[in-house]
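Okay, got some structures for you below.
Okay, so chain A shows up in both of these, paired with chain B first and chain C after.
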Partner chain A sequence: MKKLIALALAVMMVLSLSVTAFAAEGDVVLPREETLYFAGQQWGTVNSWNPIGTNQNNAMAIAAGAGQREIMFETLYMWNVLDGKLYGLLANDDYAWNDDMTALTFTIKDAAKWNDGSDVTAADVIRTFDIGVEIANGTGSSYGPFIESIEGEGKSVTINAKLNDAGQPVNPLKILDFLELTVIANAAWIDQVVEACGGDATAILNDDGLNDAGELEVPYTGPYTRYFDDDQKVVFIRDDNYWGQDASMWGKLPVPKYIAHTIYADNPAGEVALKEGEVDVCQQFIGNVQNLWLEDGLPISTYYEEAPYGVCLTMPTAWYNMNMPVIAENPALRKAIAMAVDYDSIIANAMTNQSPSFADVPRSLMNPTDGEQALYDHDAVADLQWAGNDIDGANALLDEAGLVDTDGDGIREYNGEKISLNAVCPNGWTDWQASMEQVAAAGAKIGVEITTLYPEYSIYQTVFVDPDQTEYAIFMWSPDASTPSNPWTRVNQFMGMDYVGIQNNWSGNWGQYVNEEADALIKQIPLTTDEAELKDLYTQLTEIYLTEVPSFSLMYRPSVFHAVNESVWTNYPYEGQTYTMADGSEVLVPPADCTDGFGIAALYNLELVG
Partner chain B sequence: MKGYRKYFGKKIFWFILTFIAAVVLNFILPRLMPADPVAAITGRIAGGNTDAKAVAQIYERYQEEFGTNLPMHQQFLKFCKNAIHGNFGLSFSQYPRSVSDIIGSAIGWTIALQLPAILVGWLLGNLLGALAAYIRKGFDKVLLPVSLFLSNVPAFGMAVVLLVVFGVYLKVAPTAGGYAFDMIPHLSWDFIKSVISHYQLPFWSIVLVSIGGQAVGMRSMSIYELNADYVKYSRFLGIKDRKIVGYVFRNAMLPQVTGLALSIGTMVGGALVAEIIFSYPGLGSTMYSAVTAADYPLISATTLIITIMVLIVTFLLDIIYGFIDPRVKAAQFE
Partner chain C sequence: MKNTIRQVFHSPKFVGGFVIFVAILLTMIIYPLFNPGNPLEQIGVGTFAKPGTYFSLYDATKAKTDTFRLPEADENRLAASLSAEDRVAMVEYFTAMGIDISELDTEDTDTLLQMWEDNYDPSVRPKGMTGAKVNYYKRLNNSLQDLKGGDTLVVAEEVDGELVESKKISTTDYVRTGAVANVKTLPLGTDNFGRDVLKELVSATGTSIGIGLLAGVVATLIGLTFGLLAGYVGGFLDDFIMFITNIFTVIPGFVLLILISYSIGQEQRGAAVVATVIGLTGWTWTARSVRSQVISLRNRDHVNLSKLSGHSLVRIILTDILPYIASYVVMAFILQVSSGILAEAQLSLLGLGPRTTEVPTLGLMMNWAMLYSAHTNGSWWAYFPVILVITLISFSLNLMNTGLDQVFNPTLRD
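Our next item is the complex of A and B:
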């Protein structure tokens, strides 16, 4: 019987393997000292390798976190979230606006090459943008409204801005976003795909970038290429002919030969693997991350040795639904709830202090980075800011606004009806759920009935993007983190009217807040270059935001988490670490998961332990 | 023979009717969820777009692609027409991957994990149950409470205990994946060893939980049969114990066979808990994420496969019953 069972097991195993078997050329066991393992980026199987496609679910190759992921497909420039500067990647550091900011010119590096050795040229940049507009992919949707055309020849490129009725560029900041967020695709390959798909936009978007034999067909410029992928992992191998080893770029190859990402079922599985040393770089929220080295004695570290451990770039926010009269007509109610919330508790419990408190970084429209904090006048808005848990202040505000409890049931009324709201976020998003519980608790303390509601994400994401919805009163979503167009994009998301009434609104102003004064100020910012004027505009907007309270942030949060295990590799980004550029200058390396924007410099700094 | 034909003709008729009802329900129920997966796909592509018309165009394009702009009955006819050709369309959540591709890549792992686990759990459970009933005394006193305990441990509890004890603390088995984190699938002994080593914990997490239930059921049935009149009468006639035990087990086995058949029928649903806790590949977690993402095509296809499997197994069971139990055969002819 035992033999029979063993035989049955073996047969099953072989059968199952025949389904997934892959005859790999090269290493079939990845050498540990040549492989950098990741967790927390790739969830589920890779769908596609098409950089002009959609829904690729290819988080290591085609995605953005703290900048665009640069390991396989590259952008013209790399964004550095620490110093807020663009650094040339495919392009030279020579981008420049004309006087009226209607055109931006730059040159592509002479050394920049596709993996087949051919030059990256203006034609590739032009075709990448044009096809985006034609098939309405992410690039076309995001930048079509701001870029009129791209032209150029050889290595010279000019981006012409779309102009408004006054003949001014619609938004130069968005053009800077294009430079760092759009991966450049190969013009000849695009033509080939268009031809193969008969010009059908959906077929082009759905092309998987592979040939009929399942081999990679799409050209790339980055230092790594696809080595293997299945339901359980995705592996990249270094391309030793990578153009970036030229002295005009990195001057060398990235250190790890392989980059591998096991596809874990959930965060706990990834965390266990990090502790076991099977993962080197972990982009996951780990509660009380400091215990990994303080209590467990593991060789695990984060960017900062002390809290908040990472660089926070965004602010998960509770949005008020302005379709509900009780909310829209009562700024005092909006502010009172926001004032009563115990943010310290959210930050201590839900975020395990991986966020600065609102006493450390007072609330505004800015993320906690020095660059953004310098953009508004702190003293001018100090009286309007609140750090939370101010029950007396909130009650006084409500009393003053005439929102009182007249029938003695403990709940205040508005227009004769008790104020009853819900606080909503997706089920299973535990830190957000903990935040919503605090919002409900705050309501209970100030005589406002707030019940929590946690629908499945599939339902939640259908409702909150509906501009006419009245199902969710207070609901959570995060605004933009850090790009060249921020904090403008984030401010526009908080109060801009561009998004009011847009169906399937994934873009911003999810509460449908209308304020023409704020909108006019927001529209001035992209064309303002004078620093003092810019600061004045942002300060005015902060005043409006803190007075009107169309939404309120609950915590600060990194856009990518960065916990690293130093049992095999070391010299990951740490506070103050720099990379020496080709011209000898030192540039801070951000904790951007070793892959995003200028954060990819980390791959060139890595060293083996011992 | 005529009786057989009539009996199975009737059965086939009911199976077809059940199948049609199941297909309709498989199609309609997921679509009644208050979610709009096309909106999610639109959002992924149109995020940042402030041109309402452009966003609407993108939305309409995907509605057309998935056919969600058609009335429900037309969608259903399209679904049936494509399903006959084995085409279940494109997945919403893993768009543009096809449902067939997703199921194809996961089903091998699910069968490889579930089939042996179900068979081993069933065999061991029944063997232990029968032994407990036959031997009684000390063996039964230990086995019964242990079986009761095992059968009441929730599957996730067992999986987590095995993971923490054998994976994290004792480090005798890997904690995640279907094969080693540093391997690329290839045919070699090292790779097969790696697959087997990753197989252990999910396998035993299923087997241990099912052993308990099977053993308790088999023990009760066997005790009942051992006290039946025909056993006593056989003893009076002086028939050998071995022969009597054969009769007893054959009769006690019947309900257990039904349980086994149904388990095999539903196994393609995957071992959700084991797959999630051990990050093990398979259809269970695929189905789970399909449900949470309101991925209608994927839900409909997987539930349809389960429906077909259960119907086939139940039908086969009916035929097999006729052979292993003459009483059932007699009833079939009535």
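Our next item is the complex of A and C:
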């Protein structure tokens, strides 16, 4: 009898468990043929749906990769990393500067609507900017220093630039960044949140955009909205009333009904899911990605069929710490180390050749895109560039500079002390660790002692942003990738003096390099419109950079990776693929994870397999 | 003593374990003689080269050739460029392009190739065909283009910017592997840094055994000292030592190990430091069992006799107690060595092992293989041999321990 009861209990338990399991699953069972699965964006549970907040951890809805992510909240313009142009989203393609570039005007599309059917108006743009400055969110701190005010009526908007003492705009390029990187929030909703929070900035930043019942409260303009989210996955559902099906924008709805992102524990988990076809679009670095189709025969492809497979937009860089006298006082040492590093090994190893080599794209301040490469005179700086692994040249440079080994221990001395540096990057960032190993190996070959150090990221991020730190001699960080203000922003990050001495400096010039001449040139660029003059400025800056070597890039790298499994969906962006715009023109679709900037056009191009 | 050793070597289990362990030790000593050099040298550019023999293509074109007419050569060459799956895929392509294939025999290579030549158009992207498939046909087309070439390949050298023909290679030319100037055999391929895995493995085994030995010595010394003192002296000292031992017992050893390793910091973490830390956290059970053995010994007649004779504490412990538990201590030591090697592997796998790039250890090899996803991308040679070696070492040590136990423990004696 007892056994029977025990058995019955056990059966009941199993049944109830499976029922709850099915019930839980039942909420989010998605038809495979209507769902596009992502990996590599969302790590951990979503915190918030508030587009003007901070710390949302909502990578699919509110984040920027190769342009701002556009699936739920939209920007005025979309950035296309391939042709370097802005395409109208909420706004028409009619933005224009006045003659002295102190004001920029544009109109908002007549069709642009919030999800409740109300019009997107100038008031929304104005309120989004004003509240940003008021509560110092990302928008406020990034653009407050460059935008004096935004004004407008109905559908027409004017952005007034902040002026410097000479009456010139501080930086018109940053205003273009504003157009493509700031998601527009609803003015009425902002008022509502401000009132609910009693005007407290911290409370507004931390508002989660949901009502007390946990339902979405914040209005959005994009084609998708929140459907389900927990610690396992995030799912978006298409809003079939999306304004963008108007002929003035896309003329149709995006193809997948659902967008889902399972929250994976780590990169290998996401990679396995991609191989199994459980993930369609994977924004993760996959070593030797070509083996997936060459050896495993899987229906996986990348933007380019051949290496480097993706569009490289940024350059992870080793920064020299200028707070250390031995580094600051010896440009020859800086250049010698940079010349001795074996970049081909780094690119073959850390990037498994998913980067052009420095022989293909000689080093400069530019990323490898054609647009940026055309901005400096290649012949003028050819003598200054180096492709790496030049041990003899590096040794000669050091000997010439008087940095020699006097006590015969194999290590060179400076002011009687042996030159001993460390090369640092966060622990577990394997591609960067492999790069730092190569830097250390280069040091050994030229008589400079370089040891590697891999602190945890939580520690690393507190040290490298400290302008006075002397703990890390050579350390890694990536400069900006691609926005309308680049390559200017990147050059400013390499050599600009805006960031020198700034506490908690996440913005740039992490090595605290000071060069008045370079800074003066950098300041001229945003106000220069003449192309020849611009090229001359960039060439001069490249010369300074390659002579002084305040930092050196180790590889080229995409800002978002793009590997797709074509088991269910196909017609993802591939080299040369275009989207037909409303006016009939063909525009290249960038491999921007199908969500970033103009890359979202990919969602309108998708087709089911077979 | 001689008798004991003879007895020990009569235990088949001990001998089995001993032979495996000595074989590993001998490999460690002998292999570097044949393949000298720095085990951490990065010979390969790129990651995870497959196991096999590599010969320099450059040197091979310069080597003396012999002519062979092998009947299966053409067939093999064709199969390398055009597999059975490729033939099926070609038919799929023709179907997708809407070409009549009712007459086509896929085994008829010439007709198939001709049809491909006539119909393949790289610029057309049939609707519904995946990008992966389009790329596949492009690659297939390239490899079929190679087939079209004649039987001769021309090697040219660049002299002052102009190409000068230096050699013609025919399909019937063969080069003996020994005649090529540069041949490198990599029995276990290369790892993620392009290092020779076998060479690294042999060196890592040495380091790991060293770590195990040092950890074992530290753990056994501490455990033995505490156990002897607690057991023999008794009283307050016993209580105090057992208090400390119990504290160490209730805190999981591995957690303690992780915390200590983390707080030491990577810069200070050499192989010797890691070994010492492992030893410092692993001594408790040795202390407890030595103590209980000593308690049963301390009231024996010969011990009391020594006491009456006025012998010092140290002398009594060393001459009257230690010899009786020596066999036990040796066995405990062997187990400590084994668990020390495992502990290093576990720590390194968590990224808390010795700092990299100075010495290879078994744990570090696995750590890097895991960080570079060797387990998901099929590079078994980067981690499986390591696991095998760890298993073998700890298996042989445990086997020796069991053998010794059977010899020394009367209740287990046959």
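Assorted remarks:
Criterion: the second predicted complex is superposed on the first by the 582 of 610 C-alpha atoms of A that agree within 3 Å, B and C clash if a C-alpha of one lies under 4 Å from a C-alpha of the other, contacts with A are read in each partner's own complex, and residues count from 1 in each chain.
Definition applied: contacts are C-beta pairs under 8 Å (C-beta built on N, C-alpha and C of every residue); 3 or more make two chains touch, one makes a residue touch a chain.
Model, not experiment: these values are computed from the prediction.
By the touch criterion defined above, A:Val29 reaches chain B but does not reach chain C.
In the superposed three-chain model, the partner touching more residues of chain A is B, compared with the other of chain B and chain C.
By the touch criterion stated above, A:Val272 is placed in contact with chain B and with chain C alike.
Once chain A of one complex is fitted onto chain A of the other, the partner contacts of A:Lys233 are limited to chain B, with no touch recorded for chain C.
Within the superposed three-chain model, A:Ser458 lies in touch with chain B and out of touch with chain C [touch as defined at top]. Of the two partner chains placed around the shared chain by superposition, chain B is the only one that A:Thr45 touches, whereas chain C remains out of contact. In the superposed model, A:Gln503 makes contact with chain B only, not with chain C. Contact with chain B, but none with chain C, is seen for A:Ser141 once the two complexes are overlaid on the shared chain. Legend: residue contacts after superposition of the two complexes on their common chain; A:Val404 is shown touching neither chain B nor chain C. Shared interface residues of chain A, touching chain B in one complex and chain C in the other, are 272. On the side of chain C, the complex with chain A involves touching residues 42, 45-48, 127-136, 138, 192-194, 266-267, 351, 355-357, 371-373, 375-378. Residues 267-268, 271-272, 275, 287-288, 291, 293, 295-296, 298-301, 305, 344-345, 348-349, 352-353, 427-428, 430, 434, 437, 440-441, 451-455, 564, 566, 570-572, 574, 607, 609-610 of chain A touch chain C in their complex. Partner chain B is touched in their complex by these residues of chain A: 1, 5, 8-10, 12-24, 27-30, 32, 35, 37, 44-45, 47-48, 53-55, 57, 136-138, 141-142, 144-145, 201-202, 205-206, 208, 227-228, 230-233, 235, 260, 262-266, 269, 272-273, 276, 278, 456-459, 461-462, 465, 498-499, 501-507. Residues of chain B that touch chain A in their complex: 33-37, 39-52, 54-59, 61, 65, 94-97, 102, 104-109, 111-112, 115-116, 119-120, 123, 167-168, 175-188, 190-192, 195-196, 199, 275-281, 285, 289, 292-294.
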